[in-house]
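Take a look at the structures listed below.
Two complexes follow with chain A in common, the first pairing it with chain B and the second with chain C.
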Partner chain A sequence: MAFINTLLSYGTAILSSFAFLVLSAIGLAVIFGMMGIINLAHGEFILLGVYGTALSYHEIGLPLVLAMLVGALVPSVVGWVLERTVIQHLYTRPTDSMVATWGVSLITIEGLLLLFGPSYPGIQRPFGPVRVGTFSAPIYTFVLMGLAVGILLFTYYIFMYTEFGLRARATLQNEEAAHSLGVDTQSIYTKTFVLGSFLAGIVGGLYAPVISVEPNAGSRFVIAAFVTVIVGGANVLMGTFLSGSILAVIEGIGAQLVGTFFGRALLLIAAILVIRIAPQGVSTFIGEYE
Partner chain B sequence: MLDGTSPLGTRRNFVRSTAAVGSALALGGCLGGSGGGGEDPIKIGDLAPRTGASSIYGQAKYRAAKLIVQRQNENGGLLGRDIELIAEDSQSDIERYKNLTNKLILEDQVDFLTGAVNSSAREAIRPVLAENKQLSAYTTQYEGGVCDQYMFVTGPTPDQNLAPLIPYMMENFGDSVYIAAADYNYGHVAADVATEMIESRGGEVVGEEFIPLSVSDFTSTINRMNSEEPDWMMHFLVGGNHQNFFSQQHSAGLDLPIGSPMAFASTYDHLTIEAPAMSNVYGCSTYVEELPGDANQQHVEALKGGEPEIRYANAPHYNHWMAYRYYFDAVEEAGTTDQAEVMRVIESGDFTVDTPLGTTQTMSRVHSPSLDMYMFTANEDHELEIIDDFSGLEPSTLLEECEVGTDASTWDDPISEFLYD
Partner chain C sequence: MSSLFEPFEGPNVIGESRTFWVGFWAVVALVLLYPLIAGAYSTLQMTVYFIWIFLALSLTVIWGYSGILSFGQTAFFGAGGYLFGVLGTNLVQITGETAIALLVTVLGTTLFAAVLGYFMFYGRVSGVYVAIITLAVTLVLELFFTRSTELTIGNATLGGYQGMTNIPRQTFELGVTNITLGPVTRYYFVIGLLLVVYFALRYLVNTDFGYAMIGVREDEDRTEMLGYDIRLLKLKVFAIGGALAGLGGGLYASWGQFMSPPIMGIASAALPVIWVTVGGRKTLLGPIVAAFILQYLGDQIALYQASFSVILTGIILIVTILYMDSGAIPNLERYTAERFKNRDATEEETA
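Right after this comes the complex of A and B.
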């Protein structure tokens, strides 16, 4: 019994870390990993999803799933406007993109503070707890874990098996050649950026019942996202899955064994080691895809 | 990246640019103060963070400062002079706190300075205050131990909020306790003080964990509490990320009574977290909006009626209000804004002022008031219920160990220390 309890404790610690790392990273994997935009506003994109969800849940009274979808549309629209006005000029200037998106992040944080104050009502996690002996955990943690894998597969499918995906990969690999072959590269850039923003928004919706809804909540996602994508490396989607898995096991075991702080420290140390040993991230170990 | 020349390859540039942005940020934010015409106004500097991680405390403090200064000015100011509130947003950023403290003292030459929220911010600016002999107030419930000639405190120490709370929790729920605390000076000292109180009453701390302020996932902490099976939990978690703990423990099915000096009163969790997640949480503070009485009702209305809009009249606002009350009344009594003279009134040992509740509060010799405290919890619908109240609790540890307010500490030969160093 004690053994099962221990196993379950480690299991949930790892699963919840995995879900958080992968879901934080997924939108950034597209925008930073593929498009090269150092999007420091990634956390705030997710946060807009959180606010969109919480607002439509509390103010309009939508059911939670619908509220999450509406929430995801908020950063998609913001992403589209941003791409058209700011980002499209910055594809060849990654460091400038960092400054610009950092500005967007600050404006978003303070804007939300002005509009909704330092704390907005949250949403209770659906489904309640699961209990085995003295062990108990929110069922929602397992739902998030499943959705993390699902959303990764969905993104992989879009980029590998649809015509948009083919054109997007062509554009991002060699814009000039793609353009001369008749691909509307500008539209591809816009669509890809909006897709990344939409993924961030979905994640915001999913985390709206988990985090406290406050203007600084975005910062917790952005670090996890960059660490996961950078450790993931060149093969963006597979890399995100792999690095999410490896880092989650390390963080989960560390957190359960010693404490939350230790788990976080181990994760960052592991990230540094991986980047030192394999500068192209853990993708090095699986080879690049075609 | 698909072609192998990824933006990931420019990691070094990325790091360099990040550093540049960081230092640009540190240099920013020095605005000039405004000068008064005619007879010079009395200047008060306020650092309450209206943005950043501590804005939930800082906005309410800022609102309280604006209201009480406006009221005082409408009633003729102080000593016939206007009061000028120089409110600088410290943005919850320690470096900014320090820079702004220097600016308020050296450039604006304020007569009184307040507004630090976190203990880490207070300890960062306390040396600057001492060096410049700046009269100041710290207005947050805290870990205790500030013994400083130049600073008085209006928030409760552990002798005032833990001393009622811990015995209540032990009597009603049991002797074995798990402590989860924020990983900075407040959390560590508060956990030590609580451990001592629990053990001196025959209880046992079966687990203790310090959690970084950036963490918002408590899965492993909750797992550990599940396997340690304590009777109740002592909660010293702080700030926006940690606020998440209450809803998480509920959805994880941790049915453990939780004692917290911060819950409800500071962060109004019963309004922002869906019921009934807070119904197993017990708080203790100087103030909650729900306290009965007409005086409080009018006060809450006035406070919520202005800018910036605030959702709840919390304890941080109340403690901040009281600091201004002490300062105004002490200036009137001293008949001067001379900071040493004003402090002499405050530390006289029986200096009493009115509270917005229609009661009075007395500042003790050690620059920390004796306080009326309230204990409360939320019902299944998250309506707050006052379960007990205590009047005139003394800051006992300070009274034993701190020598400010005696001949051992004078304005020119001061004690300026933190007892738990």
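Right after this comes the complex of A and C.
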């Protein structure tokens, strides 16, 4: 029985870590993979989703699922404005765009602090716990895990089976050729950035019932997102999925054996080791699939 | 005058005219006179702005001159501070001085940077990847020091989120007596180190090594084709940056006798990037001036409302990136250079 308990708690830790890594990274990975731009305010975009959800849940009284969708609109709008005003001038200067989005990150953190103070009321976690013998874990953890896979599939669908996806992939492969064949590449970039921001917002909504709603909560997501993208490499979906899986096993086991911080530190060490062996991340091993 | 400063002059730094050096030494003289005019308390307050300059210079060498965008300079700064705290607290009881602690601190952060640099540059990682790896390292270090509430090393307690207290002040063994630096002597110690570092860097960037650094910044592949081992070069540059940031951290720790994790948080990590961006990344003097002015202004605004100071920094950052690509100081320098062109024949446009 004790053995099964251990097995279950390790399994849950790994699944929960997988969900967190993949969900944290997905919006960042879409923007990075398609535009080569790292949005350093990504953690704060997720946080805007969290705040949007918590606000529409508490202040307007929307049901949770609806509140999450409304919450996701907040970073989408911010992302659109940011793309139109700042990012579009910096397509050819990826490191400068990082620095500029860092400015956005700082403004967002302090803005939230000024508007809502050091903490905002959280949302109660939906569903109860699941029990197997003496072992218990929140059902929501498994919901998140399912949604992580679901959102990956949704993104896959968008890029592989829609008109937008086709044009986006064409732009990625050869911007000039795509442009001369009539693809409005500028609009593709804007839409991609908004899509990435929207995904960040959805993730924020999903984690609104899990984390404490604080202005500096974004850095948790951003570490996870960075590490996953470093290990995943440029291949948006397979890279994120594979690196999420590998890192989740490392973090889950590390966290169970020693503690949460140890798991997080192991992630980083793993990422640094991976880039020494495979600088392009696990994408190196996938080859070109798109 | 110009022959005396020849080793420190070249196309890779701004300011080699007579006017520049006169102005430079006038400013240095003012800085040196400051404690006599302002008194001990203001001198103590002023010292920290000069300590930030070490942090600014560390990023200038790495990013400004070699094109490697590191978001991890505060990691080295913070690690330096904690390292000095631990070593200083333990050693001062045995040896009665902290010079060795400061030296080992600088060596330690140099090694830290070299190891991290080895994994990145020998893995051929560059561009945005270096930036996100260094930022991740910084944030994880912050997390580590925040969680380290129970951790003690020898007599030193790291103190978790409350920070490490009672870090010893700089103490030197002088003959048979030990001298602990007070507010004014410490100020001169910091200024002295800063001048040494500034001239050393002016010299460095105008040597062959400096040209190679700029070669890497302008075109990595071309520099490599010319026969430079750019991996080793980047590693060395990164280690120099680690040393400078670590030195700054050690000085900072003994200045306030205190270190706490937020120094490695996301808001602090942005500071050197802001100074170098605003000051102009291709110069040494720009980031120095920007660090001093921005940090001073930031602190003045923070007295009123800390958030406004950070928000303002964010806005300055975005505006500079969008509208003043090369930074504010080089733009100013170009402007004054053009105005003085007729008056001063030796004035040359170097940007």
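Operating definition for what follows: the second predicted complex is superposed on the first by the 289 of 290 C-alpha atoms of A that agree within 3 Å, B and C clash if a C-alpha of one lies under 4 Å from a C-alpha of the other, contacts with A are read in each partner's own complex, and residues count from 1 in each chain.
Here is the rule we go by: contacts are C-beta pairs under 8 Å (C-beta built on N, C-alpha and C of every residue); 3 or more make two chains touch, one makes a residue touch a chain.
These figures come from a predicted structure and were not determined experimentally.
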Message = In the superposed model built on chain A, check whether chain B and chain C fit or clash.
response = clash
Message = By the touch definition at the top of the document, which applies to A:Gly27: first (chain B), second (chain C), both, or neither?
response = neither
Query = A:Glu110 contacts which: chain B (first), chain C (second), both, neither?
reply = both
Key: First, second, both or neither for A:Gly49, with chain B first and chain C second   = neither
Chain B versus chain C as contact partner of A:Gly79, first or second or both or neither = neither
Query = Is A:Gly244 in contact with chain B, with chain C, with both, or with neither (first, second, both, neither)?
reply = neither
Query = When the two structures are overlaid on chain A, which partner does A:Pro94 contact: first (chain B), second (chain C), both, or neither?
reply = both
Key: Which partner, chain B or chain C, touches more chain A residues   = B
Inquiry  = Going by the contact rule set out at the top, does A:Gly71 touch chain B (first), chain C (second), both, or neither?
reply    = neither
Key: First (chain B), second (chain C), both or neither touched by A:Gly196   = neither
Ask   = What is the contact status of A:Gly205 with respect to chain B (first) and chain C (second): first, second, both, or neither?
value = neither
Note = The clashing stretch of chain B against chain C, among 39-47, 183-191, 273-281 or 291-299, is 183-191
Query = Which parts of chain A are touched by chain B and by chain C alike?
reply = 32, 36-38, 94-95, 98-99, 102, 109-110, 113, 216, 219, 223, 230, 261, 264, 275, 279
Ask   = For the complex, which residues does chain C have touching chain A?
value = 69, 116, 119-120, 122-125, 127-129, 131-133, 135-137, 139-140, 143-144, 147, 265-267, 270, 273, 277, 307-308, 310-311, 313-318, 321-322, 325
Ask   = Where on chain B is chain A touching in the complex?
value = 1-4, 6-11, 13-14, 17-18, 21, 51-53, 55-56, 59, 183, 209-212, 214-224, 226-227, 229, 240-241, 243-244, 247-248, 250-254, 267-268, 271-274, 277, 308-311
Query = Across the complex, what residues on chain A touch chain B?
reply = 5-6, 8-9, 12-13, 16-17, 20, 32-34, 36-38, 94-95, 98-99, 102, 109-110, 113, 117-125, 128-131, 134-138, 140-141, 169, 172-174, 210-217, 219-220, 223, 230, 233-234, 236, 252, 255-256, 259-261, 263-264, 275, 279-281, 288
Complex contacts: residues of chain A adjacent to chain C = 32, 36-38, 40, 86, 89-90, 94-96, 98-100, 102-107, 109-111, 113-114, 216, 219, 222-223, 226-227, 229-230, 261, 264-265, 268, 271-273, 275-277, 279
